[in-house]
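After this come two complexes, each holding chain A, first together with chain B and then together with chain C.
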Partner chain A sequence: MFALAGMNGLVIGAIYALAALGVSLVVGIMNVINFAHGELYILAGYFSYLFANAFGMNFALAMTLAVALVFLFGLLIEYTLIRPTYGNDMYSLILTFILSIVLQNAYLLIFGPYPNKPPNWVGGSTLILGSFYYGNQRLAALIAGSAVITLVFLVIKKTWFGRIIRATSQDREMAELNGVNTKRLNMLSFGLGCALAAAAGVILAPIFPVTPTAGVPVALTAFVVVVLGGMGSLWGCVIGGLIIGLVENFGAAYISTAYKQVFSFIILILVLLSRPSGLFGRREA
Partner chain B sequence: MTDRRFFVILFVAVGLLSLLPLGLGVYHLHVMIVSLFYVMMASSWNLLAGYTGQVSFAHAAFAGIGAYTSGILAAKFGLNPWIGVFIGTILAALIGLGMGILCLRMGGIYLSLTTLGFSEILRIVITNEYEITRGTMGLQVPGLVADYSKPAYFYIMLGGAMLTLIVLYKLIYSDIGLNFRAVQNDERAAASLGVDVVRMRVLAFTVSSALAGMAGGLYGHYLLLITPEIPSLDQQFLVLSMTVIGGMGSFLGPIIGAISLEIFSEYIRAYGEYHVLVFGLVALVVARFAPNGLMGLAEHRLRGRRKASRTVSAAAG
Partner chain C sequence: MKRKKSGLWLFAVVLSLVLAVGSAWAQETIKVGVVGPRTGSAAATGKAFEEGIKLGTDYVNAKGGVLGKKLEIVFEDTAGAPDKAASGFERLVTRDKVVMVLGESVSSSALAEIEVADRFKVPFIVVEAWADPITAKGYKYVFRAGPCNSGVVSETIAKWVVAEKFKRAFIVAETSDWGLGIAELSKSALTKAGVQFEAMTTERESKDHYTELNKIKAFDPDVVLAYIYGSGLHYFVAQAGEVKLTPKAIILDGAGPPSLWPDFWKNVGDYGNLECFVSSMHEKVELTKLATEYREAYQKAFGTPPTDYKSRSIFDSILIAADAINRAGSTDADKLVDALEKTSLLVTRGTVKFGTEKGGTEYHQWMPPMLVIQWQNKEQVVLYPPEAATGKLMR
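Let's turn to the complex of A and B:
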C-alpha cells in the first residue's frame, strides 16, 4: 500500500510538474495566468484520441501532432486574446476564464460527456522491488514526463533561447533594451506554456481518460504547485509537483479518496500563511 | 450622481417594477425573479472586479454558502428561513473576511487562484457530504413565505436587490469608495497617500461576499431545492459574463447586464445545449473588443455625439 501510493504519487507528481512548468513559464515572462490551461491539456488528450483511434495513426505520431496543434492554438490565443490586454492582468484572467468555459462546452458538444481514451503505448506490468506489480503504461508515463521536464530544463538553462527567457522574466525592460523582441517572445512562451499542458495531457490521457471538465482539477493542482514552488521558479514546479502528487496519493490511500483534491488546497493555505512567496520564490519588492 | 438623484431613480424604478406582477404571467415572473438574483450577484461582484480590481472566482461559492447554510438550518433543524438567510449572510461574510486576510496581501493573481480553488473544494465537499447536503440530488428546503406565490417572491427578491444596491451605492460613493478606486488606479500612489490598501481590499471582499451570501440564501428558498449548481463555476461564469457585458466598474452596467442576459438566455434556451456556448462566445467578443461593456459603448457614443454637437455649435458660432 505504502509503496504503491508512493509510486502513484511519483507518476502523477511528474505530470503535475509538467503542467505547472507551463503555467510558471507564462507567469514568469508575461505575468499572466492562463485559466484555460486545463482545457488545453484536455484538448491535447482529445486530439491524440482522435488521431490514434479514428485516423489510426501511430500513437507517437498522434501525440506529437496533438502537442504541435495545441502549440499553434496557444499562439492564436495569445495573438487574439492576450496581446490586447498587456498591462491589465485582470483582463487576461477574465478572458482566459471565459475561454475555459467556452472550450468545456465546445468539448461537450463535440465529444459528448463520456470519457475518451487514446490507446496505451505499452501493455503488461512490471514487478517493482519484488513487492507489487505496476502497470507499464504508468511507468512509461513517468519516464516520458521526466524526459520532457529534462528537455525543458536543458532548453532554458543551456540554450540561447533559454537565456532570453530567463533575462526577460528577470527584468523585462532591460531585456528589451538589449534587443529582445518581447512581443514575439510573449507569443512564443505562451504557445510553449500551452504545449507543456498538451504534453502533460497526451502523456496522462491513456491512464486518466479525458472528459470535457477533467481539465479543471489538473489546472487547479498546477496552480497550487506554482504557488507552492514560488511563482516563476522552475525547480519550484518540479519539487512542488512531486510534493503535491505524493500528498494527494498518500492522502487518498490513508485518509479519504474523495477528498484528495482538498489536501492540495490545505497545502496552498499553509503556504500562503507561512511563506507566501513559495518554496523557491523570489521575494516580491 | 448625487444621493438624492440616486434614491429618486431607485425608488421610481422599484415602483415601476413592483407593478410587474399585475401584468406578467407565472413564467415571466419567474424570469424576473431569477434576473433579480443575478442583479444582486453581478452588482456585488462588480464591487470587487470593477471598483477594487480583484477578480474573485468564488462569488458563486459564497452564494452557495449562504444557500446551504440557511437551507441546512431550515431543513434539518427547523429554523425560520429568514433567520437562516441572516446567519448564511454572516457566515459568508466571515469566510470572505478570512479568505481576504489570507490572500489579499499577495495581490491579484493569488486571490484569483485561491478563490478558484476554494470554489472547487466547496463543490467537492458538498457533493461528497451526501448525508448533510444530499449531494447532487439537491436539498429540499422550506420557502420563505407560508403560501408559495410568485408575486410574493418577486417582492422579496426586489427588496433584496434594493438593499444590495443601496449598500453598494453608499459604499462606492463614500470616502471609502474613493479609496477603493484609488487602490484600483494606482496601488502605490494610494498607499503613499495613506490609504490602507490591504484593509480596503479586505473590506470590499467581505461586503461583497456577504451580499452574495444573502442573494444565495434568498434564491435557495425561492427554488426550494438547493443543488451544487448554485456554487458551481458555471454559475460564476454567468455572473462574470453579465458584469463584463454590462460594463465593469459602472454602477448601472451589472444591473443592465444581469437583466438583459437572463432574458436573452431564456430566449436561446430553446437551442438546448448550445446556450452556454453562445453565451460564452458573446462574452468573449465583448470582453475583447469592448472591455467596458455596453455601458462603455453607450458612454462612448454619448460623448462622441456631445463632442460632435459642440464642434457644430462652435463652427456655427
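Let's turn to the complex of A and C:
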C-alpha cells in the first residue's frame, strides 16, 4: 500500500501542479484570479473529445488543436473582459466567476449532463514493483504532464519571453520603463495560463471524463495548490501539487478514504499558520 | 395633453385585457410542481425527468386532464443541493401556486424539501430519493412512489447476494445520505445472511479510486456493492479494471442509471463487461401493458429506447398525482392526502398502493419491484428475481 500511495500521490500531484500552473502564472503577472480556470480545462476536454470522437482526428492532433483554440479563447477573454477592469482586481474576479457559470450552463446545453471521454492513448495496465497494477494511460499522463511542466519552466527561465514575464511580475513599472509592452504581455500571459488549463484538460480527460461541472473541483484544488505553494511561484505550484497529491493518498491509504480533501486542507492551514505567504511566496513589504 | 390622456386610457384597457386573458388562461390549467437536479453533478436525472414529464403530461391531458382542465407541470431546478432544493420547493408553492409537488432524486435534497412540504402543507410525492428517513419521519403530506434504501437492500440486493452464493462482499459507499444509509442497511443484511464483508466510504466527488480499489482487492471479495452515483461510478468501474480487481470480483452498481447512460461504454471500455446494476426497467421484463406503451411512446418521441429508468418513474408519479386530484375532486391538500392514501392505480411498474401504518419507512411508501441486471457482451441480462431472470450470472 505504501508504494501505491507514493506512486499515485506523485501522479495525482503532478496533475494538480499542471492544473495550478496556469492560475499561478496569471496571478503572478497580472494579479488576476481567473475563476473560470476549471471551465477552460473542461472546454479543452470537450474539444479533444469532439475532434477525436466526432471528427475522427488523431488524438495528438485533437489535443493540440484543443489547446490552441482555448489559447485563442483566452486571448479573447483578456481583451473583452479582463482588460477593461485593470486597476480593480475585484471586477475581474466577479467577471470570471460569471464567465464560469455561463460556460457551465453552455456545456450543459451543448454536450448534455453525461460524462464525455476522448479515446485513451494507450490501453491496459502495468505491474509496478511486482505489487500493484497501474493504468498505462495514467503513466502516459504523468509523462505528458511532466513534459509540459518542464517546457513551462524552460520558457520562463531560459527564454527572452520568460525574462520579460519574470521582470514584469517583479516590477511592472520598471519593465514598462524598459520598453516592455505590458498590455500585450498581459494578453499573452492570460492566453498562456488558459492554454495550461487546456493542456491539463486534454491530458486528463481520457482518465477523468469531463462533465459540465467537473471544472469546479479542478479549480478549487488549483487554488489550494497556488496558495500552499505561494501566489505566483511556479516552483511553489509543483511542490504544492506534489505535497497535496501525496498527503491525500497517504491519508486515504492509512487513515480514511472518506476525508481525502480534508487532509489537504489541514496541510494548507498548517502551512499558512507558519508561512502566511505560502511555501515559496514573496513576503509583502 | 388630451392625446396623452387617451394614450393612458388605451394602455389601461390593453393591460386589463391582457390580465383578464392571462387569468382566464391560467384557470384552464392545474399546476403540479416537479423538483429535481437539472444542473450540477446529478443533472442527468433532470434530463430523464424532462423526458418523463413530457410523456406524462401528454398522456394525462390526452385522457381528459385533471378536473376537466389541462395538467401543467412546473419544473424547478434543485441542482442537487439541499439549500437550493428547499428554496425551489418554496417557490413552487408560493409563486407558482402548485397543488402538489413530485420528483427529486437526491436524498439530501429530498430531506430538505419534506420539511418545506410539511410546513406549507403541500402533498409531495418523492420519486427517486431513496433515503429511509424521507417516509420514516411520518410526515402527513409526504409520500414516496419509488425505491427506498431498506426495500432495495432487503428485497433485492441482499437476496441476490445470497442467491448467487457470494461468500465475501465489499461495501463501498459515497459520503451522501443515500450512500451512507444504504451501506448501513447492507451491512445489517449481510450480517444476518452470514456473508463475510468489509466496508469503506469514499468522498462523493472523488474521481480517483485507486487507493480504495487496492484495499478492496486485498480483501479478495466475490462481489463489490458500489453505492456511488454519477460519473464517479464510471471512474470506479474503469479503474477497477485497471487495477485488476475485475473481472475476478463482480461489481454491483447499487443505483443503476449511470450504468445505462449513453457514454457508459466509451467511459469504461471493456471493463464494463460483467458489471451488474440495479434497475426497475428492462425491455424484456415489462410488468404491465402501460410499460410497453411507455417504451413505444418514448421511442416515438425521442427516437431511442428509454435507458434511464428515472424518466419512467416521474411518468408514473404524474399519473398517480392526476389520479389523486381527479378522485379528490378538489385541489385541497387534505383531500389530496386522503385520495393518495386510497390510491390503487396500475402504472408502468405495477399497482401503486401506499402504506398507511405510521412508525416506519412503510408509511406513505410504495416500493416498486427492482431487478438485478448484468452486462454480458453489451447485452442486458436480468439475473434477479428468479421469476424475471433472462439468464444466469456470468463470471
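The rule is short, and it goes like this: the second predicted complex is superposed on the first by the 280 of 285 C-alpha atoms of A that agree within 3 Å, B and C clash if a C-alpha of one lies under 4 Å from a C-alpha of the other, contacts with A are read in each partner's own complex, and residues count from 1 in each chain.
Methods note: a contact is a pair of C-beta atoms (placed from the backbone, for glycine too) under 8 Å apart; a residue touches a chain by one contact, two chains touch by 3 or more.
Values in this document were obtained by computation on a predicted structure and should not be read as measured data.
When both complexes are overlaid on chain A, chain B and chain C end up clashing with each other.
In the superposed model, A:Thr168 makes contact with neither chain B nor chain C. Of the two partner chains placed around the shared chain by superposition, chain B and chain C are both touched by A:Pro217.
When both complexes are overlaid on chain A, the residue A:Leu93 reaches chain B alone and has no touch with chain C. When the two complexes are overlaid on their common chain A, residue A:Ser233 makes contact with neither chain B nor chain C. Looking at the shared chain after the overlay, A:Phe35 reaches chain B, while chain C stays out of its contact range. When both complexes are overlaid on chain A, the residue A:Tyr114 reaches chain C alone and has no touch with chain B.
Once the two complexes are laid over each other on the shared chain, residue contacts for A:Gln261 go to chain B and to chain C alike.
Contact with chain C, but none with chain B, is seen for A:Gly123 once the two complexes are overlaid on the shared chain. Applying the stated contact rule after C-alpha superposition, one finds that A:Asn105 touches each of chain B and chain C. Within chain A, the residues touched by chain B in the first complex and by chain C in the second are 105, 108, 217, 258-259, 261.
In the complex of the two chains, the chain A residues touching chain B come out as 27, 31, 33, 35, 80-81, 84, 89-91, 93-95, 97-99, 101-102, 105-106, 108-109, 216-217, 220, 223-224, 227, 231, 258-259, 261-262, 265, 268-269, 272-273, 276, 284. Per the touch definition, chain A reaches chain C in the complex via residues 1, 4-5, 8, 12, 53, 104-105, 108, 112-117, 120, 123-125, 132-135, 138, 208-209, 211-214, 217, 249, 252-253, 256-261. Every residue of chain C that touches chain A in the complex is listed here, in rising order: 39-41, 43-44, 46-47, 175, 200-203, 205-208, 210-212, 214-215, 218, 231, 234-235, 239, 242-244, 261-263, 266-267, 269.
Within the complex formed with chain A, the chain B residues making contact are 49, 53, 55, 57, 102-103, 105-110, 112-114, 116-118, 120-121, 124-125, 128, 233-234, 237, 240-241, 244, 273-274, 276-277, 280-281, 283-284, 287-288, 291.
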